[in-house]
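In the two complexes below, chain A is the common chain; its partner is chain B in one and chain C in the other.
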Partner chain A sequence: MRNLTRDEAVWRFVGYSFVLLVTLLMIVPIYWIVVASTLPEQVFLSGGSDLQLLPGTNFLANLDALQAREGVDFIGSIWNSVFIAVVYTLLSLVLCSMGGFAFAKYDFRFKEPIFYSILATLTLPIQLLVIPLFLLISQMGLTNSYWAIILPWAANPLGIFLMRQNMKQIPDALLESARIDGATEFQLYYRIALPTMKSSLAALAIVLFLFQWNLFLFPLVVLEQGKYTIPVAINELVGAQRVYYDQIMVAAALSIIPLFLVFLFLQRHFVSGILAGSVKE
Partner chain B sequence: MSTQSSNPIRVALDAVRTRVGRAVAPVWRSVIDAVRPLRQRQIRRTRAVAERVPFSVGVPYLFLSPFFILFSAFLAFPILYTVFLSFHRYQGVGSATLLWIDLGPVQFELTRIAQLEFVGLQNYQRLLGDALFQNALANTTFILLVQVPLMIVLGLALALALNASWMRFKGLFRTTIALPVAANLVAYTTVFLLLLQDNGLVNSVFGMVGLPAVPWLTGGTELLPGPLKSILGPGFWPRISLVGAVTWRWTGYNMIILLAGLQSVPKQLYEAAEIDGANRWEKFRYVTLPQLRPVLLFVVVTSTIGTFRLFSEPLIISEGGATLSATRTLVVYIYNIAFQQFQLGYASAMTVVLVGIVAVLSIVQLRVGGESDA
Partner chain C sequence: MARINLDTVRKEFSDDGRTIVAVEDLDLTIRDGEFLVLVGPSGCGKTTTLRSVAGLEEVTSGTITFGEADVTDLRARDRDVAMVFQNYALYPHMNVGRNIGFGLRLSTDFDSDEIDQRVQDAAEMLGIEDLLGKKPKALSGGQQQRVALGRAIVRDPEVFLMDEPLSNLDAKLRAQMRTELQELQHELDVTTVYVTHDQTEAMAMGDRIAIMDDGELQQVGTAEAVYRSPANEFVANFIGSPSINLLTATVEGDRLTGPGGFSYRLADPAPVAGYDRVRAGIRPEDMTLVEDGIEAAVTVVEQMGNENFCYMELGDVDLTARIDASLRPSPDEVVEFGFEETALYLFDPETGESLKTMTDETDVSIQDYVTQAE
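The block that comes next holds the complex of A and B.
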């Protein structure tokens, strides 16, 4: 190995220190969830002198206290959140892939105007349409139902755009030969297009799941007790008369740590999901 | 909406409508019968086309219609209706009938979505004199000016370091720094609330190294240097807390995008620059930055839009004890006006202004960033 010049050595030292410092700062809040959820509140909020930095054994007691809370069924809200996010993701994947298939592989009247009007909404912050959505959902009698937060964003403009971009790469000859073999148009979509789109679908699924998982404003408006999603339930805990941080940290741990594990296993798809929105042609 | 009404006039009207509906139904049916041969001719023509185009003309529409129906109902209509609402005063949920069709077994009623009173530009005029709106706009601007540059410089520096040929454990660092991307917005904000309590971890660590305890959530001017006291104001610390939390959540996200951008810069460009005797800074300035410009632009625009959308973090932080006047963002104020005071018209006007600001900023950024290489 060649000797480093002094300049290069300094750069490496600065680079490593910087990256290590940021990594440490990223870990501290995550570590603190683990510590605080496993200790009684008076221990980790006692102030400077006898600071406890290691996890304790109080997790189950904190969880029991959380479960005993009036008005907030936190475990129930996990179920609500998971159910809503999964149904939303599947529904949106079907809608976006079917629509994307139509745009990518067929010619039809009004194709361009329809496509560009969908594309135009990509530039709008669509989470901000809550006011008319609230009126619409109330009129449909859907308030306090799962559908109230599944339906409004199921037609995801980014999703249909990505599906169309990716499905354009399916060779026409492949579809043509399947047609000659007597495949119906739906079979072309279901048996040929979808299987070749597996990794794009996985990346889009993660984007959609996280979008729904993080929705807060609209669920806060339309959901009532019993139908709360995780963000709304945590909001109830934070807004309560007396705030119990040990219970809140149990709630935070249960809603954050599993997703971190999913992230570690599916990192490749997370990254392509993040990049999917940014790579525009 | 077929609620049983006790209003006698309503009952009478309903009865008339039902009769009209029943009377119309046979006519409707005969129209359908009359049209049937025409439709069959259409189908035959479609088959003729199908011999040239190997699928029925309706197929793409069938594929598209589920998406398109939901898109029209929940995206296109709300966009237009927000603008419409912004010229009205909201007076309650609508009940008046717009359209009512009775097809024998199938009945269909379309009701007015809300009771509204037209007020012209009043909502927009009110906006100009609303101190709380200006407060929310100022807070959002502060976050925009501090958080977006901070996060992008951090993300770019991390991406550059992790892209360096000599860096070891790249995967490990990248994964750890990107981990917050998976964190639920509301849940992670509660952790920051805890860390930033007066006797929380951050102040404990500050105490150990001899720094004073900072009022992260409640604010105050005691710790600010003299001349800056009046400029930064008592809301400085809560705003910084919000900036810190958001930066933690999104830096890794931007780092991933920037890293992908760096990796797509052709290696030959650096080699050519080295042959020309370019130093580290010159390579960054004349190769990396111009090559990275579109990606950097994307990151700036999406971060700006993200700032204007901030809701979960500021709401939770203020509920957890932070000064509301320091952490009230535009969307928090819109939520407040719309769903706690039910002034939907006024809140819609604010939404329109907010979307307008975002659009103008995006266009400006695209113009400035899209200039030809100097």
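The block that comes next holds the complex of A and C.
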């Protein structure tokens, strides 16, 4: 490698410093949650010179308090969240990739207006949708079921948009070649488009999982005790008389773990250049 | 194997409300087992024609038949054709073996041993049996090309379609693959339609050549026929390299006069009877440097080793002559050239139709040609 010039070295230093700063800003709250979950409430709530920055030994005690909590089944809510997020992610990946494939590779009447209408729904805030969605879900008899929060966003507009953008990169010749080889249109999607879009699908899976994991308002409205997801369950920890910060911190720390696992599992699929070698430029 | 018949095939595209005719009422029959080359400048409709035969484009009107079967409304996958694309279009996530076997897996009910055997056979035919486990991106351009060919031949289709399959290879490999492809086609005896913009490739490979321009078929014939007896000025100009010299001449009785003092007396003025102007053409190899010929100023001489290309100006017309390697006129030198009337082409100035093409003997026996030892 050649030596950097002075200017380049300075810019590189500035660049790395900036990246480091942003990383710290991201990590500090997570670190604080993890540390706080291991400390007794009165310790981490005290400020000034008593501020505790290293993990303590109170984690299990906090966890016991959380589990002993009347009316909140936190461990159950983790399972609810995991089940909903996994089913949602899989279903949504299928629907978004099919939608994206159609918008990227087929011509049909009103294609553009339909696509932009779908995209436009991204601007609608969830608060606006809660009441109509609730009516819809209750008419379908799905209130207080997992499907109530899986179905409404299953065809995710952001997901359709991302898949459309990525699938546009699939060369038309690749699909035509498969058509001539005898593939049906569904086989084009299943055997050519999906395998070549693996890394985009992995990235989208994280976006979708995270989106579902963090949904709060609609689950709060539509779910009842026992079906609660993590955000709703954490909300229940805020009592009428008092906020149980120690329990909230344990719950928050635990809720991060599945996200980590999902990311670790998917990141090996983030490889670039799957399409390389398909067509000669 | 099948005879392909295109009957008044028309293909229109609409672009922002305007209608563009890509292929205009094309009639063409490709014989069983024939190697037909579709050639023409870019945008002439040759690729659209090929894609219509493949079933990748729906024709606006007309019918396409393979043998006795009307395939006009059949989808590509039901037509039993194999196609090699210009950019190969290999499936990037499958290894070479699976790429080649993909079509068999989808469209036949062979068991996997049978498929593996056929893939192996096709790979051996093309000399790529060592590459079966590799992914396309690990291959060189020439190897990718062979995989694309393997994918086509393994299916033993009725019809081979090739869309400029050699244009991404370097010159040496292209020449080698040209011969290999011809041998392969000969061996398999499958009706083949081959699209190219390169007239040399077309002349070298095709049993017959179909020349297209602006969506219309200009002429179909053997290499010799389209070279010696072009149907019109476009064909004469497109076929042959360097291309034919063309100029507009005024007809006065049996005399043609043109730019820069061009003057020629026709021994047989019958073809130009009734015309006051014609387009005259002489191929560069028929131009000879002579004494008492037509004067022209040399601009550039390109030395090819075995011969020289001599570029000249005659009035406002540029001319090219293929001359002997030992002749090296210098730039700005004025030379005189002549040609035989048998080598003269004449075209209608309005329609471009041929009035006269080459008329010299072609059936010369080698006995007469070789100088006998004393």
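By our rule, the second predicted complex is superposed on the first by the 206 of 281 C-alpha atoms of A that agree within 3 Å, B and C clash if a C-alpha of one lies under 4 Å from a C-alpha of the other, contacts with A are read in each partner's own complex, and residues count from 1 in each chain.
Criterion: a residue touches a chain if its C-beta (ideal position, glycine included) is under 8 Å from a C-beta of that chain, and two chains touch if they have at least 3 such contacts.
Because the structure is a prediction, the values reported are computed rather than measured.
A.B. asks: Looking at A:151 after the superposition, I want to know if it touches chain B, chain C, both of them or none. Which is it: first, second, both, neither?
C.D. replies: After superposing on A, A:151 lies in contact with chain B but is clear of chain C.
A.B. asks: I'd like to know which partner A:226 touches here: chain B for first, chain C for second, both or neither.
C.D. replies: Neither partner.
A.B. asks: A:256 contacts which: chain B (first), chain C (second), both, neither?
C.D. replies: First partner only.
A.B. asks: With the two structures laid over each other on chain A, which partner does A:192 touch: chain B (first), chain C (second), both, or neither?
C.D. replies: So A:192 only meets chain C here.
A.B. asks: State whether A:176 touches chain B only (first), chain C only (second), both chains, or neither.
C.D. replies: both
A.B. asks: Taking the superposition as given, does A:71 touch the first partner, chain B, the second, chain C, both, or neither?
C.D. replies: Neither partner.
A.B. asks: In the three-chain superposition, say which chain, chain B or chain C, touches more residues of chain A.
C.D. replies: B
A.B. asks: Which parts of chain A are touched by chain B and by chain C alike?
C.D. replies: In chain A, residues 176, 179, 274-275, 277-280 are touched by chain B and also by chain C.
A.B. asks: Residue numbers of chain A touching chain C in their complex, please.
C.D. replies: Within the complex, chain A touches chain C at residues 171, 173-174, 176-184, 187, 192, 195-196, 198, 273-281.
A.B. asks: Inside the complex, what are the residues of chain C that reach chain A?
C.D. replies: Listed in rising order, the residues of chain C that touch chain A are 54-56, 75-77, 81-83, 85-93, 102-103, 106-107, 135-139, 141, 144, 151, 155, 168.
A.B. asks: In their shared complex, at which residues does chain A touch chain B?
C.D. replies: 11-12, 15-16, 18-19, 22-23, 25-30, 32-33, 36, 44-48, 51, 94-96, 98-99, 101-103, 106-108, 111, 114, 117-118, 121, 123-136, 138-139, 141, 151-155, 157, 160, 176, 179, 185, 189, 210, 213-214, 216-217, 220-221, 230-231, 234-235, 237-239, 243, 245, 248-249, 251-252, 255-256, 259-260, 262-264, 267, 270-271, 274-275, 277-280
A.B. asks: Can you check the complex and tell me which residues of chain B touch chain A?
C.D. replies: So the residues of chain B touching chain A come out as 1, 54-57, 59-61, 63-64, 66-68, 70-71, 73-79, 81-82, 85, 93-94, 111, 113-114, 154, 157-158, 161-162, 164, 166-167, 173, 175-188, 190-195, 197, 199-201, 203-204, 207-208, 248, 251-253, 256-257, 260, 280, 295, 298-299, 302, 305, 308-309, 311-312, 315-316, 319-320, 331, 334-335, 338-339, 344, 347-348, 351, 354-355, 358-359, 362.
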